[in-house]
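Two complexes are shown next, each including chain A; its partner changes from chain B in the first to chain C in the second.
Right, the complex of A and B next:
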């Protein structure tokens, strides 16, 4: 029969591997059988609005990593130290029913951390979902107007740009399928809608995600700081072709958008 | 005839509990096989399914078609949530343990109790028929978001199959409602003399809070399900707005709100998360204390933290909808309430650790599952903190990070306790002990393999890998992750396969198991005062309760346990600590 040491060792693997694998993924070092660990953490972010999201992601992981390490190590230690086995002295188990001070400590400290986290993130949430970007126009601050309308449908994205009249949502809008072009280096606002069922407009490389809801018009905003091509994914189950509902977004230097759209 | 009333249409809570247990375990196996089929597709997209492929998918050349994959996603979730976890916790263990642990001879309403089981059968029938309905089966996810779930043109499975799905859920709901009324009444009214509320074992507290959650949350789901049925069959438009174009044709609709369903669904289904967790926490507390030979640390904080989980559980549903299009200011409020609910779960974990500290741990199979549960629940709980941070959810919502999180809670948490609880209470149920050797092998394999399946999903999620995709090789972003998907698939097949050890042990021990006696674990709670298995009516002599359920290793006593039924001076005054 397996001894208590074996089980304590098994439980000790939880903090060791749990934290160890995260460290390997974050550092991106090493490989197994040709598979590189370099691509296991957050993909590169090109959206300055979302830098704070990555920061929160790392911060919460560090806090949780510490809690995981401490609690599961204690668990493994307890199994190693307090398991009954033939060699153990005849000491009885402690008779302790409660400890008020301890209860207060392990209520107050996590509560303080959680309340801190709750308030610390509010500004990031507001910047990404509530406070639409502003620009200075003729000395006045104005909300950035949507530069394109993106409509989700089974299974692709229709992109509409303002036509010659310069206004979005009129009959002369230009329509492109599955290809969005945005300028680099300044705030972009998009109008997102859905034609048939729920979809979600998501660009992992920019940390952008917004469900698009039939019957609702919503805005998403971001800024792309690096020219290149980004994948737009649908991230809300929309039917059998959900997995292939993708589009490309090209981020190009300002002034070139029109050429690319042609 | 006698057989029918004794074993089939029995009004004995123990038989009903075992009926729930066996049928849930069969669904558990089916749900696992559905998951294995999903994993096959994800590791080797569009490759021929061995053996079954040529039979199931003859028209597609043996491959899983994408419509079938979305059905698998839907049915795996539905089966596991509504046909396994909820009925096995409340239906099986609630039924079996409540009257025994409070010292009652049966439930308050035995006939209602029998009906609560037999109302599961129309639900079973509906779900089985849904598999056979056109379009392979319901395919709008276990959450069944409209318009996908309502408009037949949007998904082949959203026809008859979806109606059957909704009917099935209704019957499950009726069953749960009957159960919860019965549990509340029984716990409040039928406790043995001396069994005050603060002498109840933690399992019973958990079952009581769970039953209250069910009773208050379930009507909302039932109403929502009825509204969706009415949208589908009677042409109402609760959830369908005007002007939709589905499959290039106009859809009938007007005036409905798509988000309304999500609010109603999650108003039930978030409390349901705790319905699927609290009973497991309660049973874990009882097993841990009795197997550590040590009083449960912090009885009252444990009760209060469960009560606050139950209360807060009603005001956090919006965290499923952070990026749904719900007003972001409301999202901020839900974020704050969600982050607070991590606190009582943390308190419970610390109290469990303190319960084990300084004990004399008996590492039985049931105990190993409980210790494993704590480790897995810590992982699942902490990733829950990450998701409560709404800005982070913008990135990880609907990715595999979420999949990892809820499997750590529901498989690593609840399912490990369910299996552990079977090992622990099996001798009471069947009068024989399960094989410890096979049991430990089963624990080891399950524990290792479940981590191989679910831990790598955190990294897939960190890459933004979306849920419910049938194929990750199609685009640019995720092809490099395919080796991880293959690894997960091999581990998942292993995880399903090693459950055969459990099946073998479960049925084999009925015949070959060692005879258990009334109290094989030297535990204090009342069920161990009854014979194993207890007869109809449970106890052979009237029960009086003299003390709390956790008086283990009381100083100055010869034996290290002190059953609740044993007359004698109460342990009050000998409390150590502050």
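Right, the complex of A and C next:
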């Protein structure tokens, strides 16, 4: 009996482990053999622009989790129910070429979900990728200027600050390798570029992620609400040293100039 | 067949023969299934023997050619063994570093390098605590710079420029004059900032203490490599049939008792590292008395250990303990102390204070324009930068030079770098294929030694050691600052940035 239903058991592991591990990671408690489950999930978000991203992220996970649970459970049940076993009344197998109603259903439901998500996220995309934050300058509303240029290269991040004249790309720019310092509590805009190959500028703690393409200039923006140190990662496989391509972002409440000068 | 050769490839040189045989036997006897076979490979590869420093085979080959030995004939194997044994007892192994200490705990070498730091950097990578790991050098550096610090790590051949070979004791970017080693701060600056324009990344994310540890270990590797090179050169000076240490025939120094191997040297108890090799050497060191007592073999308690060694506990050879101690003392004074003294100089070295002029990066300053004009004049004139960096500064002047690490064998032997057949034997002996050293393109704004004005100033003032960039002996400090101002504005000239010029004509607002 066991051998005949063995495969059904394996199939049943997919929904159990798939959803179980997800729940363990989100809860982040407990440990097995010295391996702690804490910190498996994303770090707490410190970027007010990205609260909506977290909401979308959770929503997509719940939808996918339900679909995964239902479909793989059905699959496991079918494998168990129709497995060969002693005493089974063999029925002839059916060859079905198509089933119009079924096909309509499994096309329409995912399509409806996708269209819903597409419209539901429009504003979030616009806020994070298109509508640059604005500030009031001398009674006029203007887009926030980039406060630093971040250049990805194999394998590290170069950070350029404008220097005393406040303009990037001039003689007095200051370069720091692998460390970015930003102010807390106000919108920050960065220019990101790549020197050699495709990289992706990502700060998981702020839900910021932007592919950077050599020859293109991208802008990213965020606001840090908690002072502290954040991790900057490359999230596009860019070569043998990709794993080394980490940098540090310091969010400081005051004394930004002094920090940068140093 | 493919799977078979894969097994061999996985094992490589890393495993003892017994393990290889076990794997193969396992494969034929048990392994019907791939999984079992794979597991046996994993188990076998786990039994890696302790790491050893590689011999400087390139230097051996170079000296053999320089000695005009018959083609195909090298120095007798016993010389290689002697050098290998002496460097091993003086500097230890990659798992258990040692220092050649003539004065025990009071040795000045211990002021320069910290045994605890060396032990932290050395050895295989295992976690030390939640924050850091043991074996920092192998974790972060060895895949390019090699376990021996020879710049021949597995990734080195893909890189341009090649990773630095520490064994020549030359370092490029430093605050000290040519011919003197870099200070610890100089080396640390390189670790923190990396070397822009090369494959050397920034290690800013390491803890400050870890950086200090790596700096010490790099100096240690450099010292070891320099001493090894001197010992190899000393072999060439030997009379026929003579050896570096007075031993009969094929007897090896490493087979003798440790106190004989150490001769005049003393060992201090290692700090930190917990590897088996450490414990062994600590136990050995305990049994070693004072060096002078050993050398004289006068005291009663030493007689016991001497007869113990003399009777040939490990090797069945007769040897003269005093003679060996004399030989080792001579070698230590001739080949080791000069290296140590050179490095000890950095303890007292203080870089000369230089005031960075306020105008050097400030185009709004009244003095700026005239200084840049002066710099330009010097560039084409007295300083003669134009010869290598070219008329437009893109580094297209003289481009057929080689750096000292290549010239060390290329030029010494008068080899034509374009004749691959001539340098192929050196590449076989461990050199990288020679590549010309390119003068920097000054219009890119990428400066390997750092882009602060003081960095550029040092490069011009002291030159770049190991490269054709010379120290400026005739320029005054004011002239050098004018050159710095001129050079640093080159990347921002319109000529350097055609893309900027285009944008101005037809500018689009950046979203």
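We adopt the following convention: the second predicted complex is superposed on the first by the 222 of 262 C-alpha atoms of A that agree within 3 Å, B and C clash if a C-alpha of one lies under 4 Å from a C-alpha of the other, contacts with A are read in each partner's own complex, and residues count from 1 in each chain.
Definition applied: a contact is a pair of C-beta atoms (placed from the backbone, for glycine too) under 8 Å apart; a residue touches a chain by one contact, two chains touch by 3 or more.
The structure displayed is predicted, hence computed values, not measured ones.
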Between chain B and chain C, whom does A:223 touch in the aligned arrangement: first, second, both, or neither? neither
What is the contact status of A:170 with respect to chain B (first) and chain C (second): first, second, both, or neither? second
Mind working out whether A:181 is in touch with chain B, chain C, both or neither, as first, second, both or neither? neither
Examine A:197 and indicate which partner it touches, taking first as chain B and second as chain C; both and neither are also allowed. first
Looking at the overlay, does A:240 come into contact with chain B only (first), chain C only (second), both, or neither? both
In the superposed model, does chain B or chain C contact more residues of chain A? B
Should A:147 be classified as contacting the first partner (chain B), the second (chain C), both, or neither? neither
Which of chain B and chain C A:68 touches, first, second, both or neither: first
Let me test your reading of the model: by the given contact rule, A:132 touches which partner, first (chain B), second (chain C), both or neither? second
So in the superposed three-chain picture, is A:21 touching just chain B, just chain C, both, or none of them (first/second/both/neither)? first
Overlap the chain B and chain C contact sets on chain A and report the shared residues. 130, 154, 240-241, 244, 246
Tell me, which parts of chain A touch chain B in their complex? 1-2, 4, 7, 10-11, 14, 17-18, 21-22, 25, 33-36, 39-43, 50, 52-53, 56-57, 60-61, 63-64, 67-68, 71-72, 74-75, 78-79, 82-84, 88, 91-103, 106-107, 110-111, 114-115, 117-118, 121-122, 124-126, 128-130, 153-154, 195-198, 200, 202, 204-205, 207-216, 218, 231, 233-244, 246
Can you list the residues on chain A that touch chain C in the complex? 130, 132, 154-156, 158, 163-164, 169-172, 175, 177-179, 217, 219, 240-241, 244, 246-248
Help me check something: in the complex, which residues belonging to chain B touch chain A? 65-67, 69-70, 73, 139-141, 145, 147-148, 151, 154-156, 240-247, 251, 256-259, 292-301, 323-325, 328-329, 331-332, 335-336, 339-340, 342-343, 346-347, 349-351, 353-354, 356-363, 368, 371-372, 374-375, 378-379, 382-383, 385-386, 389-392, 394-395, 397-399, 437, 440, 444, 447-448, 451, 455, 458-459, 462-464, 466-472, 474-477, 480-481, 483-484, 550, 552-555, 560, 574-578
Residue positions on chain C within touch of chain A in the complex are 155, 192-194, 196, 199, 201-202, 204-205, 361-363, 451, 488-489, 492, 500, 510-511
